[in-house]
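Take this structure, written in structure tokens, and hold onto it; I'll ask about it next.
Order of writing sets the labels: A, B and C. Residues in every chain begin at 1.
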Amino acid sequence: MPTDAYVGGEPEETDQSVLDSVPISFEMLLLLPSIATLAVLSIIPLVVMIYLSFHEVNFTPVNEVIFLGFGNYTQMAADGNFWNSWRVTLFYVAGSLGLQLGLGILIAVMLHRVSRGENLLTSIIIMPMMIAPVVVGLLWQFLLDPSFGLYTYMLNQVGLFVDQPILANSTSALVSIIIMDTWQWTPLVVLIILARVKSIPQHLYEAASVDGATGITQFRHVTLPLLKPAIAIALLLRSMDLMRYFAKVFITTGGGPSSSTKVIGLYVYERALRFFNLGYGSATGLVLLIVTILMGLMFVETIMGGAGDE
Amino acid sequence: MAQIALNHVSKAFNNGSIVAVNDLSLEIEDEEFLVLVGPSGCGKSTTLRMIAGLEDPTGGDISIGTTRVNNLEPRERDIAMVFQNYALYPHMNVRENIGFGLRLSTDLSDADIEERVEDVASLLEIGELLDKKPKSLSGGQQQRVALGRAIVRDPEAFLFDEPLSNLDAKLRKQMRTEISRIQEQLGVTSIYVTHDQEEAMTMGDRIAVMNDGTLQQIGEPNEVYNHPANQFVAGFIGSPSMNTVEAEAVRRDGQTVLESVTSDAFTYDLDATGDTNADLPIEVGDRVTVGVRPEDVVLRAEAAAFEGQHHTTTVDVVEPLGSDNLLYFDVGSRTWTARVSPGFEPESGTSVHFSFPRKALYIFDEEGTTVESRNLADPAEARQVTHGDGGDGVVNT
Amino acid sequence: MSKSTASSGLPGPVRRYGPYAFLGVVAIWTLLPLFWMAISSLKIRRSMFEFPPTIFFDPTLQYYVDMFMGSNPVTPFLINSIIVALGTAVLSVSLGTVGGYGLSRLDLRGKKHLAFWIISTRMAPIVVVVIPLFYLYSYLNLLNTHLGLIIAHTTFNLPFAIWLMRSFFDEVPEALEEAARIDGATKWEAFRKVSLPLVWPGMGATAIIAIVFSWNDFIFALIFTSNATQTMPIAASQLVTQTGTLWGRVMATGVVILLPMVTFGVIVKRHLVSGLTMGAVKE
């Protein structure tokens, strides 16, 4: 058994810094201003939103808030436009993700293969990501204009969309906004995949070559499995952003023709802030929020292995 | 300069589910060089970090000098620490790295700081590196800068947290000597944490061996080596490790004999030399573990070379080290090692004979506590198992 | 290159130059709209609407001159954009640096949940944040103010800044701070004098990406601002009128909006992946 050892006297009063006297940890103290700010910026609006979703809010002729109970929610369940927007969103998100992922992997792998010009090429492909959605929307509207658009002209040359405005047809309008988003955001997928591809050790390929795997086989059995985490990150980041933003669609098609491109974000916006039905807009917005948060949860839990306690 | 004392210090993590350090009491004398040694996870680093103030103990008192420092911040403890990865500030050059502590904790003028930095740099022979960034230095140079940062503040104590483990073997030996030299020259109380028993043996005034958060033994290197408190210490200190075999004490022909448990590979007659075993606290029927240091094992090709008891075995592997050879062979289910002269290099598979003097024997009881440790004033005594003094004669055990 | 061995079945030149050809097409696909935008902003009205479109024309800077000197100049919009982008960047980066450091070093069992809550505030669809904020702003008189828009942009920039800065601080070994504390530093000094200087590049990247997000925002600006505080994207959208779109001005305004951001993007290229993935991907 250990014996007792010497115990010194208590120290004289030392210069305690102010930080030492605070009951919470130093780290928490530093985090507190951010938490407080975010709490104000997220919890209060959330509470307000939940509150609004059970009410009808009027601004004219007088400001008034009428309690509806679940009225907004029952109305939503029966609202064909609401469900239509989810259907459009599904096509929009699935189509964009598929295109961007396929192209993204292809471009990343090719970029990794070239020995020269990679730096210049990455500088070029990141450009669209930096551009304001409004500008992207206007630019594509300009390119697809039926009477003077460059892309319309090029398509006409191969016999497509002659005298058929591209953005006036339900299907081609939806495809157009998917391609527009793909033009802008495939680069992000490329960067994510490329970072991963670069980290695959060369000896794995050498080992695979020794085992007789080359070209496509090597890609399928060596590269692709190792890309899985990166693919998951890319998919979820992109899907969340596709749900969050709608400015490009708003500018280019405004949701038309006949609601064929009215993604859910745009739909909620219109209900709440164009027709000023804040109550109903809040109810539909909450559903959108829940769907997005669930996707975000998947992102943090499955891909990043938790937010990282260790 | 100051003594350091730990009084019943404990540290638990995760609300007590992991006990890193358990009821540790320890006194380090002024100017002493104490080495805390043990396998990874034994709590030695946690102990050091508690002394530094980087971890708060969950129980007990830590004193530096005449002050109980439990409630003091690291900066108020007047200690210096050298980290495993050196922890040099990457954005500062060597001069700023070494002077950082002085700038923060003293009122010295820039000129005074500069002078002390230069002094320390010349002591460590890094004067020409002062304007370089850590990134451009070699591992050994970074190590010197880290030492300089500790020395320049003239602290009450130095704390070393495995400072040499990132260096290659040759540099490690060189820095070992250097650290010892500087510590002696400056006379600063030092605590040095390592998992390397050789480092512990060569550097420490005293060694404290820890395992599973508990202090196993504290003592001078030779004391710990020759008289380990228990089987753990016996096995941990010394390289190659001590040879052991589990045995049972039996009476045979009026003699007390240790007989190996797993097979009949090994018996050792305790009474053979005629020495009295009266004070040996072993009863017939007791289970014990028998231990012998590799250098105490005597191996010969001919059975006739032994005068008294000996055993026959087969050589597994021979490892030539130049200065001597290591021979591996089986005793019961254990592999034993013997350190023999470089001239003795039998083929593997050869049958050989071995024995060891009664005085070289270690005996541990069932709890692992040492019952008897070797009693060789001079390790060369081991040679006397065999005939004559050249080692080729007949044994007189 | 050992990764494409001889037996992959494709003829050598295809394997060697194939990637370049493919990436060339990708580069054209990426740059063509931007190129078209740039030259359209230099075309006089008549040649802009020619069909088939023309590449050779007499360039004019008329639209750029009009943009600043003509009717409805963009100058006030530009100033508003700069005020708001800098405001939210300063707010987000300062809070985010301190908070990100706290989050990185925090030893707390619910840390994972805390971190997730922080980032979840950024995952919220824009419109979900807009609706209640609009309601609150109408009571707090924050509609049509710079501060209102700065706060609104902070809702998406702050959580992003915290996570990104946290990932930068995670790379600073804690031993450095411990060494500093033993050297005589308080915890604050260890943060301020040792860790902070090591994440300067990270802070710069965070600031630039926050500026890009704020500068490019349209929906918040559309809802929370009117005449006095509107930003550049609103200026661009207002050029689409009932009587027709002033495409020359649109293209010129677009160039003015995108040029600084594209420049920023190329500058922080190295940090862009970890920035846009909030530190989930490191290069």
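For this structure, a couple of remarks:
Please note the rule applied: a contact is a pair of C-beta atoms (placed from the backbone, for glycine too) under 8 Å apart; a residue touches a chain by one contact, two chains touch by 3 or more.
Just so we're clear, the structure is a prediction, and the values are computed from it rather than from any experiment.
Centroid analysis (C-alpha atoms only) places B farthest from chain A.
When the interfaces A-B and A-C are ranked by C-beta pairs in contact, the top one is A-C. In terms of their C-alpha centroids, the spacing between chain A and chain B amounts to 57 Å.
Taking each chain's centre as the average of its CA atoms, chain A and chain C sit 14 Å apart.
Looking at chain B, residues 73 sit in touch with two or more other chains. Under the contact definition stated at the top, the residues of chain C that touch 2 or more other chains are 186. Listing the residues of chain A that touch chain C in their complex gives 17, 19, 25-35, 37-38, 41-42, 44-46, 48-49, 52, 57, 106-107, 110-111, 113-115, 117, 121-135, 138-140, 142-143, 147-148, 150, 153, 183, 187-188, 191-192, 195-196, 198, 202, 205-206, 209, 214-216, 218, 230, 233, 237, 240, 243-247, 250-251, 265, 268-269, 272-273, 278, 281-282, 285-286, 288-289, 292-293, 295-297, 300, 303-304, 306-309. Per the touch definition, chain B reaches chain C in the complex via residues 52-54, 73-75, 77, 79-81, 83-85, 87-91, 100-101, 104-106, 149, 153. Within the complex formed with chain B, the chain A residues making contact are 2-11, 14, 20.
Contact residues of chain C toward chain B in the complex are 173, 175-176, 178-186, 189, 193-194, 197-198. The part of chain B that touches chain A in the complex is made up of residues 3, 5-8, 23-27, 61, 63-69, 71-73, 76, 215.
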